[in-house]
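Both complexes below contain chain A, partnered by chain B and then by chain C.
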Partner chain A sequence: MEQELRKEASKLLEEGKVDYIVGFAPGSLKFSTTPLITKEKEEVASLVINPFIVNNLAKFLTEVLGRVGIVAKGCDSRSIVSLIQDNQVVRENVVIIGVPCSGLIDIVKVEKLVGKDRNEIDDIALQGEKVAVIVGGEKTELPTKKVLFDNCLGCEFPTPQEYDILIGEPVDTTCNRELGQEKMKELEGMTPERRWEFWKYQFSRCIMCYACRQVCPACFCERCFIEESEPQWVLPVSKWQDNLIFQVIRNIHVAGRCTDCGECERVCPVNIPLRSLTKKMYGLVNEMFHYEAGTDKNAPPLMTAYEYEETKDLIR
Partner chain B sequence: MESKSEWEPRIVGLLCKWCSYAGADLAGTSRKKYPANVRILKVPCSGRVDPLLILKVLRLGFDGVLISGCHPGDCHYQTGNYRARRRIALTKKFLEYMGVSEGRIQASWVSASEGDKFAGVVTDVTKGLKEIGPNKLFAEDGQ
Partner chain C sequence: MTTKKISKKDIGKLLEGWSRELTVFVPSKDKGVTEMAKWDGKDTSFLEWYRNTAIPAKASFLPASEKMFSFQKNTDGYHLELSKDQQKRIVFGIRPCDAKAMAIIDKVFTDSYEDPYYLSKRNNTILVGLSCTNPYDSCFCTSLGVEPTESADVDLMFTDIGDEFLIEEVTDRGKELMTIAVGAKEATKADDAKAKAVKVAVSGMLLRKVDTKDIAERLQACFSDKDYWEKVAAKCISCGICTFLCPTCFCFDICDELVKKQGTRYRGWDSCSFRLYTKMPMENPREEKWRRVRQKVCHKYEFYPMNFDVIACTGCGRCIRLCPVNWDITQILSSLPASVTSHSDK
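And now, the complex of A and B:
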């Protein structure tokens, strides 16, 4: 698969169809990858496909100028479609190199399960229901469900929805929609007071790094409301009240754009369970407006459309 | 500390200037009785109501928000209230999930001729908020 990807990518550059290739290269740590943005043919040889290509590269489409060939997993392709809907990306300027994905491995989960640091692990291989981990010549098998990222468990679109070139064979979705929703369901079962206490505690830990916003492909505003000083909506010091408001508003701003790709939760340095929020918002949009983010590039964005008869029960 | 019987909810009313604001005016000129708990702000359209305003109101310690605009199909700007509806519905449901009581964020459609309806809505909202109690959501601990 990697060979095919490298071939296609260098062909695109050679033929002048794209100015840049955006993909994944090996990271500086073991079992990690880093985004690669290049226009050099030689660098294309370092493109990789493995179960550690975690980043959602759609973010770079709004930042890299010119025509771009982009490597996209199922979730990335949906973010790209959502950017096309918002006129942030011109479809003709993008060549989507689709990569069917059978789930991404969370190295932190593997480290915890085998009780070893990633440098001590020799090899990790995803083999369907099992993940084979080799430590010092000894092979341990872990259930795939235990080591995949939470958002991969409930993945409905492992094969890109929108692509120009598909590398490899499409993957069928075998995932159960209910999986990866446990935390949200648990919260829904609590009383409102307990839920508020839960979020109050979570946001008191927030250090205002805004990595969630920086990594989010749906957060493409040039100026974010948190940086506005007139009026100053949130204080520039860390207060849980303001951190909570920031996250609520961010979720509302990306409603209909958020594909629940889980990047915000992955990058959070203090591990706030942000996907319990995005998942809920995704579900609400689906349930109330029958709208699924990033599945139809010709559909109008959620907040610009309306129907005469909807959400009548909420308004007097 | 005020006792619960003396406590009166404070509500911010965000009213569309083309209909609900005039509706509230009509309720006044026709001498309708309704609780004086609502502080009215005029907005150019219910579509002006940013979810940030709703959160800001709660953050400032008000007990409830009432957003009121034109009936669907009657918007002065054609589609402002439809867009407001989606936004308000999402904000309301999402905040309920986070733990804000259902009654704190209320929305209604009141036209310029519905003074009666406005008085009724304010009465209902105030009654509902009295049951929910004071807004301590954003209060610091121990206050």
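And now, the complex of A and C:
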């Protein structure tokens, strides 16, 4: 698959169909990858496809100038489509190199299960229902369901719906939508008071690095409301109230754009379970408007369209 | 230097004794992230899991956000009430890279102005170091002249020698603290030798290297190489992780919270990765991402050494380990172009 990807990417550059290739290269740490943004044909040889291609590269489409050939997993392709819907990306300027995805391995889950840090693990191999982990020469088999990212477990579109080139065969979608929602379900089961306390505590730990916003393809605003100084909506020092307001507003802003790629939660350096919020919003969008973000490039963006039917239970 | 030793199973008693006199901070993961936090009085399990904290020990001296003072407007003018933190503390288990980082940022907080908030905490805190015997693959401290078992920047240094820790009494403050240490014994020559062997062995474990020779000059030479900086900045997402969690990044922002006629002044971490950091009414000198990335690298490896004779990096590797896109400063420093002739675009 990697060979095919490199060949296609190199061809795109050679034939002048794109100015840049955006994909994944091996990272500098074990079991890591890093975004590769290049116009050099030679660098395309380092493109990889593996269960550690975690980033949602659609994020870079609003930055990289010119025509771009972009490697996209299912969720990434939805983000690209969503950006097209929002007029942030011109479809003709993008060559989507679709990569069917069998789920990404959450290295933190592996670390916890084997009790070792990433650099102490020799090998991790995704083999269907099992993941083989080798530590100190000894092999342990873990159920795949225990080590994939939560958002991958319930992924509805592992194969890109929108693509120009598809690398490899489509992945079967026999997903169980209910999977990977334990944290959210637990929160739903709480009393409002307890849930309030939960988020109050979580947001008291926020260090305001804004990695959640920066990594999110749906957060494409030129200027975020929290950067306004007149009026100053939130203080530039960490207070749980302000951090909560930031996340609530961010969630409303990305409603109908969020494709549940899980990047916000993955990158949070203090491990705030942000996907519990985005997934909830994702579900609400689905339930209230029968809308799935980034599945139809010709559909108007959720918040710009209005149907009379929607008024019925809009306010409740 | 005099040395003592203590059995690992007596660490609880030792901390308990110390916590009667001072507030003890230890590595903790109670709040969902690894950081230095007030010891709960019993748990010493960090001795097993602790490698280094995600949030550096600098947060104990320059917190993510802190209250500077409160103020109130009365008929006779403004009344200020300074917040004073005079708590006597021990930070137990700080790694040599993070301790060196404190020595590095001391320079900026004592330069032309003595920062009372930082210094009161710094002066009231005894650093008890813990030799690093299991560095991450992202660590590159030895390239910055920091040994993973270096005792230069702590008051006491603990080194794992099997069932016991060897304790080096580095400073007078450290010696004084040892006078109230429960469970410590005199170390033998054999213990010293064991610690020495550990130190040599760990130093060899650091495989990630950066050539820091003439680094300031080399950065200066490629300062105007826009193509280079654009290329290395391309994948950066401009979040604050690498700077906030860097033990030597010290930038902060100040703001007032006002409620009617009274208010509070806070300060909190700020980051040169943010576009807002340099935003001014008319323009922004670092509007483009590559300029911000260049600033971060150059500040650490070029400007700080120019001002204070020391590189503002200790090779702790957090910026590599915790980066959402695996932006790796060691790769950047190893790939600097030789020099460019054009100086048109600064």
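To be clear about the criterion, the second predicted complex is superposed on the first by the 311 of 316 C-alpha atoms of A that agree within 3 Å, B and C clash if a C-alpha of one lies under 4 Å from a C-alpha of the other, contacts with A are read in each partner's own complex, and residues count from 1 in each chain.
Here, a residue touches a chain if its C-beta (ideal position, glycine included) is under 8 Å from a C-beta of that chain, and two chains touch if they have at least 3 such contacts.
Everything numeric in this text was worked out from a predicted model, so none of it was measured.
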Three-chain arrangement built on chain A, chain B and chain C clash or fit
fit
Touching A:267 in the superposition: chain B (first), chain C (second), both, neither?
second
In the superposed arrangement, which partner chain does A:205 touch: chain B (first), chain C (second), both, or neither?
second
Going by the contact rule set out at the top, does A:215 touch chain B (first), chain C (second), both, or neither?
second
Of the partners chain B and chain C, which touch A:192 in the superposed model: first, second, both, neither?
first
Value for angle(chain B, chain A, chain C) over C-alpha centres, in degrees, nearest 10, is 90
Of the partners chain B and chain C, which touch A:34 in the superposed model: first, second, both, neither?
second
In the superposed arrangement, which partner chain does A:301 touch: chain B (first), chain C (second), both, or neither?
neither
Touching partner for A:235 - first (chain B), second (chain C), both, neither:
second
Minimum C-alpha separation between chain B and chain C after superposing on chain A, in Å:
10
Chain B and chain C footprints on chain A meet at residues none
List the residues on chain A that touch chain C in their complex, please.
27-30, 32-37, 55, 59-60, 63-64, 117-119, 202, 205, 207-211, 213-215, 227, 232, 235-239, 263, 266-267, 269-272
In their complex, what parts of chain C are in touch with chain A?
31-33, 51, 54-55, 64-65, 136-138, 234-235, 237-241, 244-245, 253, 255, 257, 266-271, 274-276, 289, 320-322, 324-328, 330-331
Across the complex, what residues on chain B touch chain A?
51-52, 55-56, 59, 72-73, 79, 82-83, 85-101, 106-109, 121, 124, 137-138
Quick one: in the complex, what on chain A touches chain B?
187-188, 192-199, 225, 233, 241, 244-245, 248-249, 251-252, 255, 277, 280-281, 284-285, 288-289, 302-304, 306, 308, 310-311, 314-316
